[in-house]
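Paired with chain B in one complex and with chain C in the other, chain A is shared by the two complexes that follow.
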Partner chain A sequence: MNKIMLKLNLNLREESLIRKLLSPRFFLMITGFVIFLCFWHLSVEVWQLPRFAQLPTLRAVVTEFISTNPIYGVSIFTHELYQHILASCLRVFAAFILATLLGVPLGLFLGWSTKFREYVFPVFEMLRPIPILAWVPLAIVMFTGIETPVIFLAFLGSFFVTALNTMLGVQQIDESYFRAARCLGANSFQVFKHVVIPGAMPFIFTGLQISVGVCWFSLVAAEMVSGQYGLGYIINTSYTNVRYPTIIIGMITLGFIGYITSAMVRSVGKSLMKWRMRELALSEG
Partner chain B sequence: MTNSPQTRGQISIKDVVKIYDPEGAAVMAVDHCSLEIAAGEICMIVGPSGCGKTTLLNAIAGFHSINGGSIEMDGQLLCGPGKPQATPGSDRIVVFQNGALFPWKNVIDNLMFGPLMSGKLPFNEIKEKALYMMADAGLSGTENSFPGELSSGVKRRVEIVRALMNDPSVLLLDEPYRALDSLSKSVMHEALLDIYAKNKVTIFFITHDLQEALFLGTKLAIMTTRPCKPKKILTVDIPYPRSYSVVTEKRFRDLMEETSHLVHEEAKKSFAAGEKEG
Partner chain C sequence: MLQLFFKKISLPVFVAALISFGSLPSSYADTIDYGAIGSPINLSVGYQPYYTESWSGLVMRNKKFYEKYLPKGSKVDFQVGLQGAVIVNSMLAGKEQIGYLGDMPSVVAVSKSDVAPISLVAVLGISKDLCNIFLVRKDAPDFKTPAEALASLNGKVVAAPKGSCVDRFVQSTFIKEKIKPSDYLNQSIEVITSNFRAGKIDAAALWEPTASKLEEEGLAKRVASGYSVNESDGAFLAMRGDLIKARPDIAQAWLNAELDAQLFMADPKNAKEMVDIGMEYANGFTRSEIGKAIYGQRPDQNGSKIRFTMPFSFSADARDLITSAASFLKEIKVINNGTLPSDAINSSFADNSLKARNLKSPIGSVPVINPPPN
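Now for the complex of A and B:
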């Protein structure tokens, strides 16, 4: 019985993949990319528009990107590209996990306890708008080595976003859920576990999706300032060494990996919130 | 169900006063309101929107304090002198106007929530009870659905069963059928009377629908517009079981005639005062 269900499930999955590829949405997405690339090619190489003429051409970037023997040393066939990707990914992973582990509980308490919020929130709100780059000197003073200050900076950006969204998530929970839980005999701890955490979940995951983006953003800023590896680092050194196609390669790689991480966070959220998915599916149909 | 419930759930409200003071302008929501509800009664509270009915319900449930008077249940003080706010508890369970089933829990987990929190029964017994009560209320088959997937009528029924899972003395219903169309409403009314016949809890039911009040209630309290207090209290002497055809009977129409102008009067006052719905 189970096997049949599993097979059915797999069939459905394959079918839905095919349907996805055939759907107008997929074609629109491809068309969007094609238009973007055409614009790049035409404006830089063919028309040589002002301000665009100095940029690396689409052809130069693509040839460099897929070359087995790239002129500036970085392509999909070189070990170096993956070394940079790995360095950046590990840093983002560490920073994002740390930011989530600290930011979610902080946000939950900020949203849940008025007293705690009154102590902490003003300080939090004063620190939050400080740009990541302004933290660079402190990060270098506080931490030794290269890795820790970079991770710290990426962590900071991510942390504030996660904590704030989690707090808002708790605050938007309808009062009647708290009242219902009280009526049904739940104590404070049980209310926290059964109402506050699941109720804030949709906001937490929206926050995490933004936060993983901000994490990349602050990481690259940090890597451009200090660092020996990483995608931010190649972008910066390629600039000083006048390797323009490599800058674009770094940027495209960043965009691609950023997109994947964000999709990963989204799918974790989906699997944790089946109730929400079903609700949304129904409201669409 | 286990003990004889008719002896539980007697509520006496004495001279209750509630003043809201959000911006220094004291607004009297409830003014020396007194009301006796016998154990096992269905007391219908009818009044215009925003008249302070919900304030009274919240005071009984323990969601906010009162400024004067007292509320007792079965001889025990819920709130009154020296104790401005009652403690919420599973002996008085509220069914909310907009529904408060936890959307992140499926139906069976919602039903099991109360007993699991109090931790008096083992898990398996709670689950058995939940399944039994679901079957009894005609809800079998929805165990694994999330509230977001159910119709509002079914959601309301689940919420009432969730309350009954805790053997409460009183059910406090705050316009539970407000969002339903009149056809589903009549189905829900019969279902509620069916549940009442089986469980015999005291029901404190807020509505602004007079027909609903007369159809369901054993007692009817027509409230004045703000500040809220009973304008007229009367017994609905129509025997149970009532079916929906009762609305065409003479006694029902007489009662309707007797009360509708009172309700209409208060509604006009409320409208003139520009009360917000709520």
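Now for the complex of A and C:
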């Protein structure tokens, strides 16, 4: 491969891209998708397996998705799809930021202060398992406007995941770090700043990756309330109108954008956690 | 590049998948075994306690008229559908064979012949205000006429469950009355109820008995109906095509029982019992709400003495309603063809039932009773 690179006389960025495209990881990913699509086509259209035969075929979904004049009104060529994507992205962005801003500090305090945890954690644990759908009527009554209940509903699941992961992150910090900091004369704030926050970072970023995914899957329930736009709204409306190909289009789009947002959070996490990688490498060395 | 590809991925898996792709064209599709003609059958029936025009389904469940006609040993399982769409999806999936539906879900159901053929086999009712009801928020002014109320919706937030029977009514009213709301929201009846409570929407269109409930609870005011804009609504009995084909005896038996149920409803002597039946299956409603939903009189009814007529078979009104609903659904891209399949309406069983009892369509009507029985 290096010879090919030399022959092509590429700059560093182009070379990195080519390397990524030729890497086994990329091919494995493509293969995974191909196998999934093959299974869909075979089980629904060719073999017509029990319970699968009534599902929309791959061909029908792809035809609708790339049609310039889609039967059910939504395809990559319609303005409507992008309107829904934009509405959902804005809601998820708002919900995720809120969940991070509130969930991370709450998780840090839950993990750090035993007394605070004893006050708050039982309530937190009681609220955490309540499904998003159960919050719908209360959200409508509690919040003004149409958008705020939707954002609140998407925020809920995400908030609990972020806070819980952060708390676990603090709890797994080696006790010797706290003792060392105290011995060096650090006060509580300094311990919090220099031990608790960096020590919990790996768990916080794992939590944020899960949290952004939770935001997306809460969206279908949340957008029941929206009444106009959003990928969850498309899925809900298509269910009541029995437009199966559009349900799948909504699901694929939601999954694809959810994948991108998770990758973005992962990438931010990786760049902020370079010190951790170095630390792990050194400890292994 | 290919070498690298083949070296790194699990080649046999990929090749096997590619080879099998399209090369094993065998069909294992579900076929439902309904048994031989005359043998007992297990039926699953989707019915709607929260849609008054389809309440012959409640009567069937309560009075068990089907026991007289189905082969001995048959079992019937009634499943609640909170909205017609739930029943349509279950029918398409083969989980329910018979469904009591509003007009829009009925048309959607018969248009999905590529998934499973479904036919409309009887008319449950035709009216102008069982589904087509406009409500406005409780603090709206007292409008002198329905027309004035409808005109006030310009620039307001209006909600309705899209794909349901009210959706066509709302959109056609907007066109007829040249109304331009600021937003037309698609919300379920539960979300509409919460939004009225929170004062977030200005108006909504709903069906009975929920419309009467919101009115009685003081959450909203009824201001117009199908009478105001001459728009009909309807409810139909739908049956899976494979059941009709495999067991015409069962289809006929159910229609005979359905005729009994509709005759029971049409008899004003049974009004009090009808309210009892409504109370039994529609949870969370008061007797007054149930009574008003089925027998109530409102100013916007223009003095009509009938809540809904029961054609039973497919009268010209019923056929017109289906045709206009189909073209509307095609227009808003809910169904892919405005012309329904040839077997969308199968009136033969309903006609046979009428003929056997020397009856003619319409078989009766549910009258206005003022005050409603309590």
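Here is the rule we use: the second predicted complex is superposed on the first by the 260 of 285 C-alpha atoms of A that agree within 3 Å, B and C clash if a C-alpha of one lies under 4 Å from a C-alpha of the other, contacts with A are read in each partner's own complex, and residues count from 1 in each chain.
What we mean here is this: a contact is a pair of C-beta atoms (placed from the backbone, for glycine too) under 8 Å apart; a residue touches a chain by one contact, two chains touch by 3 or more.
Since we're looking at a predicted model, the values are computed, not measured.
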item: Fit or clash between chain C and chain B when superposed on chain A; value: fit
item: Which of chain B and chain C A:Phe65 touches, first, second, both or neither; value: neither
item: Of chain B and chain C, the chain that contacts the larger number of chain A residues; value: C
item: Chain A as apex of chain B and chain C, Cα-centre angle in degrees (nearest 10); value: 150
item: Touching partner for A:Trp216 - first (chain B), second (chain C), both, neither; value: neither
item: Chain B versus chain C as contact partner of A:Met273, first or second or both or neither; value: first
item: First, second, both or neither for A:Phe159, with chain B first and chain C second; value: neither
item: Which superposed partner A:Phe205 touches (first chain B, second chain C, both, neither); value: neither
item: Touched partner set for A:Gln190, first chain B, second chain C, both or neither; value: first
item: Chain B versus chain C as contact partner of A:Val34, first or second or both or neither; value: second
item: Which superposed partner A:Tyr177 touches (first chain B, second chain C, both, neither); value: first
item: Least Cα gap, in Å, left between chain B and chain C after the two complexes are fitted on chain A; value: 30
item: Contact set on chain A toward chain C in their complex; value: 1, 22, 24, 27-28, 31, 34-35, 38-39, 41-42, 46-51, 53-54, 70-73, 136-137, 140-141, 144-146, 224-228, 233, 236-237, 239-244
item: Of chain C, residues touching chain A in the complex; value: 1, 4-5, 8-10, 13-14, 17-18, 20-22, 24-30, 83, 85, 88-89, 92-94, 108-109, 112, 115-116, 159, 161-164, 183, 185-188, 190-191, 194-195, 197-198, 200, 333-334, 336
item: Touching residues on chain A, where the partner in the complex is chain B; value: 174, 176-177, 179-187, 190, 194-195, 198-199, 201, 273-276, 278-279, 282
item: In the complex, chain B residues that touch chain A; value: 61-63, 88-90, 92-94, 96, 98-100, 102-106, 113-114, 117-118, 146, 148-149, 162-163, 166
